[in-house]
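Chain naming follows the written order as A, B, C, D and E, and within any one chain the residues start at number 1.
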Amino acid sequence: KGISDDEVRIGYLADMSGTYSALAGSGGLEAAKMAIEDFGGKVNGKKITIVSADDQNKPDIGANKVRQWIDVDNIDMVAGMVSSAVTIAVNKVVEAKDKISIVSGSASSAITNQYCTANSVHYVYDTYALAHGTGEAVVQEGGDTWFFLTADYAFGHAMEGDVTSVVKASGGKVVGGVRHPLATNDFSSFILQAQASGAKIVGLANAGADTTNALKTAKEFGVVQAGQKLAGLLIFLTDVYSLGLETTQGLQLTTGFYWDRTPETRAWAERYKERTGAMPTMVQAGIYSSVNHYLNAVKAAGTDATEAVMSQMKKTPINDFFATNGQIRDDGRMIHDMYLAEVKKPSESQSEWDLYKILRTIPADKAFRPLSESKCKLVAGR
Amino acid sequence: MTTQTLDSSAMDKSVSKNRMLYAVLLFLGLVAPLAIYPVFLMKVLCFALFACAFNLMLGYGGLLSFGHAAFLATGGYITGHVVMQWGVTPEIGILIGTLCSAAMGFVFGKLAIRRQGIYFAMITLALSQLVFFLYVQAPFTGGENGLQGIPRGELFGVISLADNMPMYYFVFAIFVLGFALIHRTIHSPFGQILKAIRENEPRAVSLGYDVDKYKLVAFVISAGLAGLAGSTKSLVFQLSSLTDAHWHMSGEVILMTLLGGVGTIFGPVVGAATVVTLQNYLSQGPLASWVPVILGLIFVICVLIFRSGIVGEIQKFAKKNFS
Amino acid sequence: MAELLGFPPQVLFGQLLIGLINGSFYALLSLGLAIIFGLLNIINFAHGAQYMLGAFVAWLGLKFLGVNYWVSLILAPLVVAAIGIALEKTLLRRLYKEDHLYGLLLTFGLALMIEGSFVHFFGVSGQPYSVPQALTGGNNLGFMFLPTYRAWIIVASLVICFGTWYMIERTKLGAYLRAGTENPQLLQAFGINVPLLITLTYGYGVALAAFAGVLAAPIYSVSPVMGSNLLIVVFAVVVIGGMGSIMGAIVTGLLMGLIEGLTKVFYPEASTTVIFLVMIVVLLVRPAGLFGKEA
Amino acid sequence: MSDNEHKTGVEQLRVADLHAFYGESHILHGIDMKVNRGELVTLLGRNGSGRSTTLKSIMNMVGKRTGSIMINGNETVGMPAHQIAHLGVGFCPEERGIFSSLNVEENLMLPPTVRSGGMSIEEIYEMFPNLYERRMSQGTRLSGGEQQMLAMARILRTGANLLLLDEITEGLAPVIVQTLAEVLTKLKEKGLTIVLVEQNFRFAAPLADRHYLMEHGSIVEEIASHELEDKMDILNTYLGV
Amino acid sequence: MSQDFVLETQSLTKEFKGFTAVDDVNLQVQRGHIHALIGPNGAGKTTCFNLLTKFLTPTRGTILFNGKDITHSSPTDIAKMGMVRSFQISAVFPHLTVMDNVRIALQRKLGTSFHFWKSDKSLDVLNDRAMELLEEVDLGKWADTITVEMPYGRKRALELATTLALEPELMLLDEPTQGMGHEDVERVMHLIKKVSAGRTILMVEHNLHVVSSLSDRITVLQRGAVLTEGPYEEVSQNPDVREAYMGSEAA
């Protein structure tokens, strides 16, 4: 028992330079470091260290890195993780080596569903939550026929699937869709197909640069003028910031965190902005919160042994600027309140980062897939 | 006559010298995992085999294939698939993967060998890109996700490879076999004709050799061995992904071969070890995001001033100074 | 007519038109490759990187110096050509006597370096570049909405392509180029400054790539990797066309764009691979390519 | 340098201590020769004795060269290759160098005019009717002999007054060889200076004013035309005529 | 009757875009002869050669080798049947030794050329035969030389030895003395004479000296068609030939 080799070692894995680098990337690393500093740099008198690596959104690079971290560098916990494909691969390694991973960046709800492991926590959000937040809101406003532009890998598929069931459940219809490779730069022919489909809503089951490119092309081809609406299913603060309010105004989106929601969020976000020059995305905020929660668990359990820490994390509720009464379920899903937000009009925005207004709160128990529907091997049959 | 006897005894000497060298290397290979992280060593071996296979084409066939990634990936995916879905033992999985790569090599070869030089390079590149896109979409590859959690399984159904040590010796054995096959091919009647074709193709035709067939056989051997490397690699890392199929991988194997020394038997091994070590080392440090730039720079330097590669330069140096 | 071959005409024509736009890029890039290959006997693997540089010069110019699109359209190709010329004079030049494959490998290395450093500084996610004011908006063609800017791309690249063709096939300068392609040493012995000719040709080919890059900037976001994947497709186009003729490069480029567009209508899954499939068929039927001279 | 009587005494080409290299290999070992305006001089020698290399060195088409080459009073050793032609030099290479991507007429028109007074295209077609007949076909589609004619013809157009001709009778039918002999005689009458590399001694002998005999990259003998009879045995040992 | 002819063409024709380079040529090469093909420039000699060796496809007509129709066979097959071409530019494997050059040619008959799993020591059985061939063309003492290092004339000799290794029935020589000095011409003539024993040779040649002293029979082409045919004495007296080809030189 106790702290293995007298150090708590955290590995931060994320896309540091690619399509998804803005939403976690170096900002996420900074957030993790903030958490460690705020914790005092030590837990139970033992040093906390952090190393980081760029997975380039490639499962093999991520998994190999983590394998080496665990085999050679004795890493105890892996944080960050963006691309769902990388996450699933890494979680396999983490499970086989019996260490811990806390996923903040990935979206696929499959991570705690068919791919769930006892060694992983999915912390911030997932496609189920996004689908139920944004999808439901859009259908309720009359957007009952959908066409999907889907990123062709784990995340896109999960997103499309989750939204499809929401749309169908609310009486809508999916009339078609196309799957595009990750990091596509020419969306014109896809947009053309979306236009030809006659659907009321063009759902963007993609993220990062793919979403921004699709939005741009849609604008060029006059999709909105022609009477169709776009639904960005996974949009981060940084996307809105870089596209500008002109292009994005009125978009509805679901988020797990917005900096300008409460005094606590504002206080933390300002500190973060001072260090990085930008306001945090929900992922970056979640990374801080998750690292903090992990360190608390290590401290309470008095060891960094996997099983003890996992059970400590699961039995302690999370209460910080990020989540109120957050709770890690047996399948690894951390459930907390989510928020439906709308992008402000340029005229409504007061300052550079004043981008969203929160429409409503989606309570934790509604936001995430109930265990009763889960295919996770850890909870099935319950 | 005297000159001839002299010659042959000199040859015997160099052969026995070579024997010594091989024995030493074999020994080093056997003890290496005691000192170095075995997964890293296995990676080096896989890439070394890959580069040797590639070198058979470029160094001995005079054909620059810019599509060898396709074979590496095919071996990996097929092995991963059959091991996971059919539950076969690792050696059978590797065999099937290798054969599939060789078959793909046959198809590539049939198409590309009709053109020479730069065209050959471009056609193989384009074909491998086609394969890349097929693998992006094909259901059995898992697309962008790749195949994850491939079990290493039990060798012949008895020896578990889950631990790194037994896996290492398995990989080492495969490497030695592959390397021996390449060595033999180069020094075989077939290798002689290959050399002749590289020297003067029209003349070989006029002597009645069907050069396309020879090139094709060489290409199939090369593709098969590249597949063998990929198959083995997928078991080592328990994963196969699109990275292996991407054309950057084809470029990397060229770099390894060029850096080590094109047309030398050990060049590709040295080149692969250097590149893999470099990547591993750099990806930890502050230069991580400069890795592609550094690889590019090495490329440029090799092409401009270092064309015979590390081993080639050493051989030149040795020739100059010791003979 | 409500349907055409079982598809609504707007889909068919729309995709064809989009195909033509992509084809314009293929044509510009394969033309540049063909010209460079002609005289230097080098497959310029850095072509994709130079295309990207064109776009980046435009973007950087706008961001830091306030240089507008129209100026960039002229300036960026010049700047990139100047970089290209420097590379030719310092590096490529040393390889003319070696196997042509070394040229391919050198430019491959250069491409890695250029792209790698841009990734380091700018990341792979794209930078936005807006459509110039004069070319915003679009026309409803009835079967589709055609953004003005995309129409401009077609016009601009056709003009450049055919202008280049005329220059090479119909003028004395072109005769020098073709002669230099075959036997530079002899051409020089006839009194023509071949090293200069080579340098300028490389510069021109590179400028074509950069020009395409500037054209692309407003519609595809400006990203360090925008050229590398495109380049492989262009290679396939080049194999299909055969390296023999300038016209071949242009026509094949446009044709492949259209074929790709059609595929998106009939069997979208194959749209990324169709050009490679065409390449295979062409190789089987005419190994020298559609316009290539018989070997 | 032997002091032979030269035609006009105006020096057109003077080569002094010329060394030439292809990469590592040293091919020419100190060539000295001098050609006066209006003279026709041949370079004779075995295969590989360095005759073509001498012509190529004058055109700066070898790897490296040292020594001195004066053309019309200009030192050209430091000159880039493309400037040499403009001193009025025309070169017809051994391998003909017809451009296949140009048609016959484009081939003919390719070399830039370097002096006034070249032949007009009509005159050329008159001299080589074969070329006129096939003027629109691709250069290398011509037969071997036709290509040889084209290679010769195109430098006549440029107005060069110093012609370096390498094995121009190679592969030509005997009738054409006779025509060429007539052409060379005419050019000589017009005052052009010609350096001729030939295997065909029977072709060269009656045309030449002087002969240089080469062996292993050096000039071993200089023979004026009137001395030929006397020195036949020397020629025999070197050439096996 | 046709068995007397090793090679026969019937109405062989080659057209290039409206231009007839070879026009209805009926050529018969008798076994054991040295047969020369001459004619003015552009007469179609090289084209004819290219047709025979399948570097070009005939527009019309048939080619018979030993009475067998080979009009549609591949160059490799033709070589295997025993009809071998020598190249105008010297065709050797430059970076192999002289001995290896010949061994490559001999190796084919061994039938192990695809055996990539065998050691190359298995080829040593060919050494004696290779040496024999080299001696035949006076290259015995050059056997271990790297081929590039040999003088031009020797390379031609080596090429001949390599060709002989295939034991060809019919050898096609394209201007075998082009670009050679007198000494080498004599040497090559001598060699051709020597190796012609027991085989048939068809050659294109401009050097009348060579043609007159070697050939048993001559075919003169003009403008793609056969002008006349016969032994040298006969052909050289033909006024048409003198006008179109030899000029006043033939004596």
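Everything that follows uses one rule, which is that a residue touches a chain if its C-beta (ideal position, glycine included) is under 8 Å from a C-beta of that chain, and two chains touch if they have at least 3 such contacts.
Nothing here was measured: the structure is a model prediction, and the numbers come from that model.
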| item | value |
| --- | --- |
| For subunit B and subunit E, chains touching each | none |
| Interchain contact steps from subunit B to subunit D (minimum; 1 if touching) | 2 |
| Farthest chain relative to subunit D (centres taken as mean CA coordinates) | A |
| Furthest chain, CA centroid comparison against subunit C | E |
| Chain centre separation (subunit A, subunit C; CA means) in Å | 38 |
| Distance between the centres, which are taken as Cα means, of subunit C and subunit B, whole angstrom | 33 |
| Centre distance in Å when subunit A and subunit E are each reduced to the mean of their C-alpha atoms | 77 |
| Subunit B residues counted as touching two or more neighbouring chains | 136-137, 289 |
| Two or more partner chains touched - positions in subunit A | 17, 181 |
| Subunit D: positions in contact with at least two other chains | none |
| Pairs of chains, among all present, that meet the touch criterion | A-B, A-C, B-C, B-E, C-D, D-E |
| Subunit A-facing residues of subunit C, complex | 8, 10-11, 14-15, 18, 21-22, 119-120, 123-126, 128, 131, 138, 144-145, 147, 149-150, 219-221, 223, 225-226, 261, 264, 268, 271-272 |
| List of subunit A residues in touch with subunit C within their complex | 17-22, 178, 181, 183, 185-186, 188-189, 192-193, 195-196, 208-209, 212-213, 216-217, 220-222, 226, 242-243 |
| Complex contacts: residues of subunit B adjacent to subunit A | 37, 39-40, 136-137, 143-146, 148-149, 164, 237-244, 283-284, 288-289 |
| Touching residues on subunit A, where the partner in the complex is subunit B | 16-17, 53-54, 58-61, 63-65, 67-68, 71-72, 84-85, 88-89, 92, 152-154, 181-182 |
| Complex contacts: residues of subunit D adjacent to subunit C | 59-61, 80-86, 91, 93, 97, 99-102, 106, 109-112, 114, 158 |
